[in-house]
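So, here's a batch of structures to check.
Each of the next two complexes has chain A plus one more chain, namely chain B in the first and chain C in the second.
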Partner chain A sequence: MLEVGYSVPRFDARSKVTGEEKYAADCFPEGFAWGGVKRAGIAHAKIVGIETAPARALAGVIAVLTHQDVPGTNRQGLVHKDQPVLAAEKVRHWGDPVALVIAESRETLARALSLIRVDLEPLPGVFDAEQALRPQAPLVHESGNLLLKGEIRAGKGEDALGECEIVVEETFEVPFQEHAFIETENGVAWQEADGTICMHVSSQAPFRDRFEIAHALGIDPLKIRVSSPYLGGGFGGKDGATVQCLLALAALNSGGRPVKMSWDREESFVAGYKRHPVRMYYRLGARPDGTLHGLHCRLYWDTGPYAHLGGEVMELGMEHAGGPYRIPNTEIEGWCVYTNNPISGAMRGFGVCQVSFAFERVMDLLAKKLGMDPLALRIKNGLRRGDKNCCGVTMVHSTGIVPCLEALGRHRLWTERDEWKRSAGPFKRRGTGIAAVLNAMGYGRGLPDSAIARVELTPEGKIRVFCGVVDMGQGNSNAFLQIAGEILCQDSSCVELVHPDTGRTHPSGSSSAGRTTYTYGNALIRACEELKAKLFHRTALFLMLDEPRGLALAPGAVRHLPTNREVPLAMLGKSFPESDRVCISEYVMPVAQDVPDTGKDFSIGFPHVLFSHAAHIACVEVDELTGKVTVEKYLAVTEGGRIINPQGFEQQVHGAVGQGIGYALMERLMMKDGRILNPDFTNYILPTSLDLPDLDSIAVETVEPTGPFGMKGIGEVGINAPLPAIASAIEDAVGAAVNRAPISAACVLHALSGRERANDADGGVQR
Partner chain B sequence: MRNVFQPESLPELWRVFEAHPGASVCAGGTDLLVKMRSAMMNPESIACVDRIPDLRGITTEEGGMLRIGACATHGQIVSDPAVRRMFPILVRAVENLGSPPIRNMGTIGGNICTASPAGDTLPPLYALGAEIELRCKAAQRRMLLKDFISGPGKTCLRQGEILASVRLKPPEGYYNNIQHFEKVGQRNALACSIASLAALLQVASDGVVLKAALAWGSVAPVVMTCPDAEKELIGKPLTSETLRRAAAAARQCANPISDVRADRDYRLEVLGNLLMRLLEVAPESAPARDY
Partner chain C sequence: MKISFTLNGKSTEVDVAPDRRVVDLLREDLRLTGTKEGCGAGECGACTILVNGESRLSCLMLAAQLEGRCVTTIEGIGEEGRLHPVQEAFIECGAVQCGFCSPGMVISAVDLLGRDPNPGRGEIRRGLSGNLCRCTGYVKIVDAVETAARRMNAASDVKPDAGEKERVVPGAPGQGQRR
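Here is the complex of A and B:
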């Protein structure tokens, strides 16, 4: 039986494990051709000419297209439309697409791409956000390198730091991060006889894709149909067009044949989106008793050559720049800047992951300076319901950071930490570190966060959920079937799912922002309740009841409890026309009612009002001989309201911590003049199962009254804490500050030798 | 189009070589296929040697010599009782190589013929003084492994010749009672070595080192041995003082590069530091000094 609150096995587990499940990458329609892209191969240059004749002349080449063949604006982008489908005058990063080829086979495609000559006049490039703002910096766009300057201010702003007895100050840097999904960007598109472009694509936002394609190519958005099956991972990297506009362009030029495009791993690295690198200047001030009083920060976000969601990522980061704390006076400044680096955009933690490192590190600095216990300092200043956050927005929904920290404080990893540290073996040092984080849910003000659910009783008596929001692997569709099964009392064999398809399902927003289960789940609850009422009414007709009372749903039937008579769902399903077997309902996420008089630079997305919270502790062991850091033990305490599926919850926590450990210790994109030197999994190092600790996970189950069954989204919050917690633990172990990620063994070894080797005759090595 | 042959015997293999002199040998393919995908190699034909009985298996020969067929997979080596008993150092190196699927496919012969300074079987095999057996249609020859590898990716394998086996002499009398291997990589699996150390020591019950053989991976164009460092150990008690002197000698001897995994300075520091770990490794059973 599908009960909410219970670890119902995932519906997709079996088909995914056996390989039966078909991803977009598994779609090979009859008679398809291959599409592929010629990329710049230089970070910044003027396009003088594109020689396509030799490629066109190659047997098996169906079309070679350049910017001249792009109808419409040739501009894609979600909020700012600044990214060409095919570059025209300039290339602005290494992976910029210059020509699109359609060919009979992959081999011919590769050969044709190698025959295209792009005549480029190199331009000086700029590869650092702050340098890009200097007056003499090369211009990535004519309009200047500043995409967006934002400011959030509360109370007295920066001036309050003058009133603080204690001020700590530090600069932090966080790197690019690759989404590294297993299924790279891919899809298939074709044109129907009536001119409609159909696309089956690995996308987090099929409904929005139509508008992006339509704008770029000058087509009617309603003549585009996009469908997305399960994704082999997304993490934000498929939120916004990847292959979509290129595929639509190909479909317009393939003579009606389907065109398949699938980036290989290297192309995914070079052309795909990344997490924004950020440099963060922080100053945090407090009173002598540890009460936070003022925060000033300047944040420089490198968005690469195109906006993607750069402004929105920066906005969310700035909104979280003060962490889960009560800070009455804040001044948070941000610059989102164009460079010739790879394109940065949405990624799990969406700006929050970056600032979490900075605010948790300055909290540690402050604790040290105050001589205060870092946990006590956090609990003292932790946001409680009714408090205002660092933007001046009142927390009116469930606010669980203090319960998370208290649960952490009771856990043996915290209470027994000194003993654990003392028992380090030879050549090992141990340290522990904590981090408290939060993550907003939903789109924020200015962009209604809505979903429309459709649920149907099929003629066979099954419950069919039409889901308009993608499942990229996080398990939201599982939660949806569980919700439908719970309300309608059906087991897993009686519920089925229709994947997002702009032709069959209703627009329900992107799979992102911790909103997916919350928003669609709420809409679905309403639709299921309506269907239930309808089934009761129709059953009453069958049973000749005076009124639809005493009825209950049972597996496969509606039962009249007083008489134990049943009407099978299959009978109900066959008795009524489709229009009567369907219920559709919608939901819009609540927004902040006390919009502060700040953050005016953000056209959408400011502020948010619903947050999930987490407190993590990392216990690390550092090897003195190699600098190697091992995360030995780890605890994640997560507050995200009630839990629909404990296993799904755990999987999100584990995945987020694993990805966060990679971000903290290993994942380093190596760049030279805008070129990625390690665009593959041989040298871009992701953690393996042997690099991850056994993870303890505790759920602090608050109730979020607005959430479906009291839940909130927790897919993102867990990735924000590993880096600051691990950095803090390393600092605890080696006694040197860690302000930059990823934290390599070399830099830890350096810190160790810098501190001790110099004056300790025994080389810091004791037996 | 590419020809792929699967000879079942050496004579069949020689016929393939005659008909296709440019054929590339493929054992587990875990190096070859990577090179082909990245267009570093594009052989016109491939001869898979993994079905040839003469190249397979792990056997003890007369005189106690252990013969490991070139096509023995890492998985087979790790689970072989004789290897585990006599050469735990090799087991330690191989059990961390790649990942389970790589160990199930990859072979010791492939690791040797790839001749990467980062090849994980190489430091233990150098320290053990491994000998190899080469075969071609007309002849068979043997040589020390260290003479076979001449540079990064370079061996003295001739056209039409294959590596048939690796031979390890059983330790005389007492086993080396310290058999230590450590690899420094960027993660705990699927990691190319940044620096590695294989150390074979005979330590007497009073703590004095009787014999020492050391070999490092990834710190020089080929696996590095360093008699100077060994000399610092032999006849001395195994203390941090002794090891620090050996480490200094090893750093003198090394010539590491900077690459995407680590820079030269890190490798230099670590290759010496790795010796310090020997303090931690308890000798298995200590022979008397007068042995």
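Here is the complex of A and C:
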């Protein structure tokens, strides 16, 4: 039986472990051709000319297209339309697409791409957000390098720091992070006889893709159909156009043949989106008893050459810049800046991951200065329901950071931390660190966070859920079947899922923002309740009851409890037309009602009102001889309302922590003048099974009354804590503060040897 | 070039360019898309297959190297209508999220348990270290392999030969390991 609250094994796991599941990458349609892109290969240059004749002349080449062949605006972008499908006047980063080739085979495609000559006049580039704001900086766009300046202010703002007896101040830097999903960006597209462009693509947002393509290529959005099967990972990197506009353009020029495009790993690195690097200047002030009083921060976000979701990522980061704490006076300033680096955009944690490092490090700094226990300081200042957060928004929903911290405080990793530290072997040092974090759910104000669920009783008597929101691996579709099974009392053999398809399912937003299960799940609950009522009414007809009372759903049937008579669902399914077997319902996430008089620069996204919370503890061992840091033990305590599937909940926590440990210790994108020097898994190091410990997860189950069965989204919150917790543990072990990530063995070794490397590009440690 | 080999228990002959990558031969020509490609450079392990019973990376092998060999892809793991205990354990233990690494991960686990029927968690972690997973943090994957090993040992009194055989086939997974 599918029941909510139980670890129902994922129904998609079987087809995935047998290899039967078809991802977009597994789609090789009859008679397909290959599409591929010629990329700039320089970070900033004027395009003087594009020589395509030799490529066109090559046997097996179907088409070579440049910006001149792009109908429509040739502009894509989720909020700001500033990114060309194919670059026209200039290229703004190494991976900018300049020409599109369609060829019979991959080999011919590669040869044709190498035959395209792009005549480029190099321009000086800018590769740092703060430098890009200087008056003499090279301009990435003629309108200037500032995409968005934002300010959030509460209470007396920065002035309150003058009233504080204790002020701590520090600068932090966080790097790019690569999503590194194992299935790279890919899809297939073709044109139907009636002109409709059909696309099967690895995307987090098929409904929005349709409008992106329509705008960029000047096509009627209703003449575009986008479908997305399961994704081989997404993490934000497939939220927004990757191959979509290019594929649609190819389909318009392939003579009716399907075109397949699949970026190889290097292209995925070079052209794909990244987590924003940020430089953060923090000042935090407190009263002598440890009560937080004032916060001022300046945050510089490197968004690369195109907006993508840069402004929105910065907004969310700024909204979380004060952490899960009560700080009455805040002034949070942010600059989201164009550079000639790779394009930054959405990634799990979406701006929050970056600021979490800064606010948790300054909390440690403050605890040290006050001589206060770092856990006690956090509990003392932790947000409780009814408090206002750092933006002045009242926390009216479940607010579980203090219970998380209290649970952490009872755990042996915390209570036995001194013993752990003392028991380090020869040439080893040990330390423990904690971090308290939160993560908002949903789109925030200015853009309704809605979903439309459709559920159908099939003629065979099964329950079919039409899901309009993608499952990129997080297991939301399993949760949906569990919800449908719970309400309609069916087991897994009687429920089935229709994947997102703009032709068959209803718009339900993107798979992102910790909203997926919450928003669609709420819509689905309503649709299932309506279907249940409908089935009862029809059953009453069959059983000639006076009214639809005394009825209950049972596996495969509706039962009349007083008489124990049953009507099989298959009979009901065959007896009524489709219109009478379908229920459709919509849900919109609540938004903040006390919108503070600040954050006016954000057109969408500010503020949020629903948050999940977590407190993590990391126990690390540092090798004195090599500086190598090993995370030996790790615990995540997570508050996300009630849990629909405990196994799925743990999967999300483990995965987020794993990516967070990579972000903290090993994932370094090596850049030189806008070029990625390590666009591969050989030198961009992801955590392997040997690099991660047996992660522990504890759930603090609150109830979120607005959530489906009381749940909130927890897919993102877990990635925010590993970096600050590990940095704190390293400081505990070696006695030096780590303020720059990723934290390399070299920088830890320098910390151990007592040398200062304030300007070390290889990671920063300050004593 | 005509190449004869055994594929998932069936003798197979293909006419293919000798330098065609095995991963392309399997996925595109034979439509055995259970084998995945994640990096094309021997780093991620998504394309792992068994060649003569040992795990190999199909993105680093060329078609001609299959001549006379015995190839098992994920489609050949388990029996008709019955999953391999490793696959069953992956499902039950929650070792699958996006699932794109799962076929390669299952094959590496089958290979490991063939060599060492009773591995500890550390040995499992070592055995799977050539397979990248970006979703799970590996804990539940290790749990699954532990569970599968326990069940396989309980089901069989005859312990397979745990000795390491000499590796002669190119494309060994060691090439995909960094540390």
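As a working rule, the second predicted complex is superposed on the first by the 754 of 767 C-alpha atoms of A that agree within 3 Å, B and C clash if a C-alpha of one lies under 4 Å from a C-alpha of the other, contacts with A are read in each partner's own complex, and residues count from 1 in each chain.
Here is the rule we use: contacts are C-beta pairs under 8 Å (C-beta built on N, C-alpha and C of every residue); 3 or more make two chains touch, one makes a residue touch a chain.
Values in this document were obtained by computation on a predicted structure and should not be read as measured data.
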Touched partner set for A:685, first chain B, second chain C, both or neither: both
Partner chain(s) touched by A:654 [first = chain B, second = chain C, both, neither]: second
Touching partner for A:492 - first (chain B), second (chain C), both, neither: neither
First (chain B), second (chain C), both or neither touched by A:603: neither
Touching partner for A:131 - first (chain B), second (chain C), both, neither: neither
More chain A residues in contact [chain B versus chain C]: C
Partner chain(s) touched by A:628 [first = chain B, second = chain C, both, neither]: first
Chain B and chain C footprints on chain A, overlapping residues: 682, 685-690
Interface residues, chain C side, partner chain A - complex: 27-28, 31-41, 43-44, 46, 73-75, 77-78, 83, 87, 90-92, 94-103, 106, 121, 124-126, 128-142, 177-179
Complex contacts: residues of chain A adjacent to chain B: 425-427, 624-628, 666, 670, 677-678, 682-683, 685-691, 745-746, 749, 753, 762-763, 765, 767
Complex contacts: residues of chain B adjacent to chain A: 99, 184, 186-192, 240, 244, 260-263, 265-266, 269-270, 273-274, 276-277, 279-280
Residue ranges of chain A touching chain C (in the complex, touch as defined): 7, 9-10, 12-14, 16-23, 25-26, 28, 179-184, 230-235, 264-265, 472-475, 647-648, 650-651, 654-655, 657-659, 680-682, 685-690, 692, 694-695
